[in-house]
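As written, the chain order gives the labels A, B, C and D, with residue 1 at the start of each chain.
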Amino acid sequence: MARVAVAGASGYAGGELLRLLLAHPDVEIGALTAGGSAGTRLGAHQPHLLPLADRVLEDTTAEMLTGHDVVFLALPHGKSAELAAQLGDDAVVIDCGADHRLADPAAWERWYGGTHAGSWPYGLPELPGARDSLRGAKRVAVPGCYPTAVSLAMAPALAAGIAEPEVVVTAVTGTSGAGKSLKPHLLGAEVMGSLSAYGVGGVHRHTPEMAQNLSAAAGAPVTVSFTPVLAPLPRGILATCTARTSVTAAEAVEVYAKAYADEPFVHLLPEGSWPATASTLGANTVQLQVTVDPDAGRLVVVAAIDNLTKGTAGGAIQCMNLALGLAETAGLPVTGVAP
Amino acid sequence: MARVAVAGASGYAGGELLRLLLAHPDVEIGALTAGGSAGTRLGAHQPHLLPLADRVLEDTTAEMLTGHDVVFLALPHGKSAELAAQLGDDAVVIDCGADHRLADPAAWERWYGGTHAGSWPYGLPELPGARDSLRGAKRVAVPGCYPTAVSLAMAPALAAGIAEPEVVVTAVTGTSGAGKSLKPHLLGAEVMGSLSAYGVGGVHRHTPEMAQNLSAAAGAPVTVSFTPVLAPLPRGILATCTARTSVTAAEAVEVYAKAYADEPFVHLLPEGSWPATASTLGANTVQLQVTVDPDAGRLVVVAAIDNLTKGTAGGAIQCMNLALGLAETAGLPVTGVAP
Amino acid sequence: MARVAVAGASGYAGGELLRLLLAHPDVEIGALTAGGSAGTRLGAHQPHLLPLADRVLEDTTAEMLTGHDVVFLALPHGKSAELAAQLGDDAVVIDCGADHRLADPAAWERWYGGTHAGSWPYGLPELPGARDSLRGAKRVAVPGCYPTAVSLAMAPALAAGIAEPEVVVTAVTGTSGAGKSLKPHLLGAEVMGSLSAYGVGGVHRHTPEMAQNLSAAAGAPVTVSFTPVLAPLPRGILATCTARTSVTAAEAVEVYAKAYADEPFVHLLPEGSWPATASTLGANTVQLQVTVDPDAGRLVVVAAIDNLTKGTAGGAIQCMNLALGLAETAGLPVTGVAP
Amino acid sequence: MARVAVAGASGYAGGELLRLLLAHPDVEIGALTAGGSAGTRLGAHQPHLLPLADRVLEDTTAEMLTGHDVVFLALPHGKSAELAAQLGDDAVVIDCGADHRLADPAAWERWYGGTHAGSWPYGLPELPGARDSLRGAKRVAVPGCYPTAVSLAMAPALAAGIAEPEVVVTAVTGTSGAGKSLKPHLLGAEVMGSLSAYGVGGVHRHTPEMAQNLSAAAGAPVTVSFTPVLAPLPRGILATCTARTSVTAAEAVEVYAKAYADEPFVHLLPEGSWPATASTLGANTVQLQVTVDPDAGRLVVVAAIDNLTKGTAGGAIQCMNLALGLAETAGLPVTGVAP
């Protein structure tokens, strides 16, 4: 049994980590820490985590997190590097934040500001070459939720050379992706019954992460025009990704079928079926479908994930499994909670 | 006072027409007709239309619709042409269906099948040149809901030559756009908590209508890669439209500010604000914002409308106003019902 | 034209007042004031109120509010009394807050604390005797949203002596009733997909207001067991109210039909139809239905309103109309925005 | 490993059974049958059940269901009795429908019509005495979703004699409780943004089931005034139950704490916390809280469940575990999927 700690246990990512870890056969849950919520019961923040409801949150310090086999960091960006440095090399440290996702220091400085903390093995095992770097890893940078969906949607086409390197993405998301931030536009009364765009024009911080992943897959620079849309549901990302192509739909399907034939969590749907986020609710599953619009000359790939599961906590646990040498699928549901 | 009839009064488009007509200062409501619901109380289908609740629906026949100054047709496609022919030239006939939207018979046959019924003046007054053809018109083809949003979003850029003619659109919509169809995927339990794509790859019937409008604006063929996404809300369309550009954001804003300076229903938002469909709920308003993503080299335009109001019934009444020589804004709210 | 000011224009009640006032034929909109949001554009807070988007919010002071024919106060409780005292007796002051609703100083002290500011004419014209006290009134206390629904649901039965004076109410509400409070449990991600009870056991502050109104109707003390439930929608209250009875359903219907025969905003539905809040969205309408459960020996009355319209701002404008001697229905929609 | 069949696999109850059975350590999934959907892929109806997506639905016949250790029936009422009779006594037959819930033939005839099929052991193990009758049972009648919540909410108080036998219940529910019925009022566009009452006045068929259970607990006749309310969410029931009492809140809490001290699925929340359905999403959990309103003299108990899990499929599997002699909690999650 691996002993795991969760830093940031009062937030949405922390809560989803704990929900999944409670059902994981190979772990026991150790320290739960928080920032401003330290000293309060977990049940006050996560009333669905009944078995842990009476656990009291500790302060997020290196001292509290030391002595665990695995430490998950679900913290605001900029907080992980220093903490990880104090945890020593014995512990597996899995960072759900952004600090170690970007390999390029200039990109980090442009998009996040401050000093680049360096990059860690990138926790998306389904990308070409990624799984090997995660087996036995001591440090893992969990991808952002949008880059998870978009990278898996477009990497096969770019790697196979069937899509031109100018990708256009509109990704619709539920509101948990913004975390438990107390902002007026995230209030229920504002969100329900409304669709709104934000971070338009390439300014969302997940954009360089997508470009990084897709450029690696293509072996050449790829641009990503990315527009996120906020929709009235708690969880889920539906990403629509297009790029110019000259292949047929059947050829495109073949590329994807081959790319994901052996992946336990990526499901290319049968012809005529299109992804729906409800099918992935609470599951570590990616639903994909691909076609070609011959009039527009574009490949269209649609991906659905749960932003908190495969997009954050499920992906993180998949990486933990690889890091610890467990079965990659251990403790990770593939069936969504629907309807 | 113009006497108006509504054919298809039990559906969503018919209901929204009646909601707006009840508040219109220059009309009185005449015959209300339906198909399978003929003989029942309107209140059984439209419980929100209290002042008309006890009106009994008549059969949709030319006889019932004759003798009105204006006849709105809110019928399934293929039903309007024959009926309109029987109504004579005195009545203004406003078709909320698809039958007379496409000018090209070949496009009609490809996308809808059957014989093309001919095209009528296209009911989107804000498109270049459209308003004049609607003043005093006896026949009007009301645009589809998606083409309303997308055409208004992209026509200025294409007309001004600041966008390349390959447009990529993802439009997210509430479920009333599908009408009161009794299909499993439209059930509340399926829709809530889910995002799903449909009609992907250029197969949605609104695609040729967008291409027609944008090609006319550009004066050259324009392709449209269109993906609709179903989201959990009753009303609203948020369309994200992109195309390659070489201008700056400021130059793009200037084009749009000029194009819509005098339009009462199209609102270019102040810098930094982005459209939200809730702001347009029940209103005949289009909210627009535009920017340029310099990394991707793309213009991004986002438009929000209420699919039943500006996207259908409100647009239809705006056309009625023009056809009858009334104030174009008569009876049409511009403030949405929010939150 | 009456010149009206709105204090608290950045909140939900203030926004709904302005939405309705913009469409009111007999008013012009004067000062808009706020607390912490003073100095900012109204459009930043109420993006749906396009015609007022560029108005800048002033500080909520007596000086700013002086010189208007009508002043609406949409402020936190405890703020209205002092301000109203400074406004002089010429202005009609309509308080959407709680300060002047309770006639009993002891009740005020128990439920709100602090000194009772005195009571004003109670703004629910449909209650027995209330309308006369509102005609020409200079001060009006607008009822709470729950008391509006519950009082109209139960007053006729208690006044007619067909219900015993122990009323049990469960009222389900959308989240705008809590205002724009930045509290975690009001975030979209928490609200959507969940139903939760709060203020259970008679501790909600609207309880004494219901008891006051229903006791007045009955002419004897009435107890109210009140449980509010939060549901995932922006607007709407559906109140289920029961009390022991010995009459039949037909007798009960007759009492209600008579009580509300001449009321323009209270609609007793036809037999077999039950209220739905969507039918009242954005309208000043109350939908009611009544029956008797013979096995349980209880009268059951269900009422639906929009908490921001009839429950707050619409009710306030109805009172303004009475106070100014205008038509009671001026500027007040009766058809909801559905679906 | 027990081999289980599911009749009615294309519906919501069938889907939830399969989702849970897929994660159950002691079963293997055998025949999946349906009515009108026989011959189609399960994935067409339950796209979230990826591991079973390519299974083809068989006809619901005794022949197809024979040869399994356990047969779950998720069928319309009136269909179970005949089928069960053909399955022989070796198989455990668990009926998620209504046919065998009511012990009183007269009640059956009044509420459902037709001949009473007899009653089976009632599958709510937490009721006094129920668990013993379920251990090793060959036939189980799974309770209705509302009776599950309401019976668990009120049985302890009635059994302990601290509540008078006139119970008033308003229970709010998500729309999956109505099944995949293609009815207009269940369409997403109708449901979202609306609250509506239905089955008011004691006419809902779950009423006699509640009265039966609560009368058994009280040892004397109990009446139930029951009003169901439809709210915009896929899953969840929040039941507010009240009855006259003369005890204090602390005394009431003590009764409930004792009654459910050893129950793995019923959680009495800590003081000040109230149930929320999101905390139980996809879990076999009941959240309860209890208080007393001293002004009204009433006990108020609020219960939250997931109608498809503890309210149907989870409860059914809990009974299967008892019937087969497995651990009662096997395969049943207690943590909800939130937010």
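FYI, contacts are C-beta pairs under 8 Å (C-beta built on N, C-alpha and C of every residue); 3 or more make two chains touch, one makes a residue touch a chain.
Owing to the predicted nature of the structure, the values given are computational and were not obtained by experimental measurement.
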{"item": "Chain separated most widely from chain A, comparing mean CA positions", "value": "C"}
{"item": "Inter-centroid spacing, chain C versus chain B (mean Cα positions, whole Å)", "value": "35"}
{"item": "Whole-Å separation of chain centres (CA-atom averages), chain B against chain D", "value": "44"}
{"item": "Junction residues of chain B - those touching two or more other chains", "value": "12, 174, 176, 187, 189-190, 192-193, 232-235, 276, 278-279, 281, 338-339"}
{"item": "Graph class of chain-chain contacts, one of line, ring, star, complete, other", "value": "complete"}
{"item": "Touching residues on chain C, where the partner in the complex is chain B", "value": "12, 15, 19, 22-23, 43-44, 46-51, 53, 176, 192-193, 234-235, 267, 269-270, 273, 276, 278-283, 285, 287, 333-339"}
{"item": "Chain C to chain D touching residues, read off their complex", "value": "166, 168, 170, 172, 174, 187, 189-190, 192-198, 200-202, 207, 211, 223-225, 227, 229, 231-238, 240, 242, 249, 274-279, 281, 289, 291-298, 300, 302, 304, 338-339"}
{"item": "List of chain D residues in touch with chain B within their complex", "value": "12, 174-176, 178, 180, 182-184, 186-193, 232-235"}
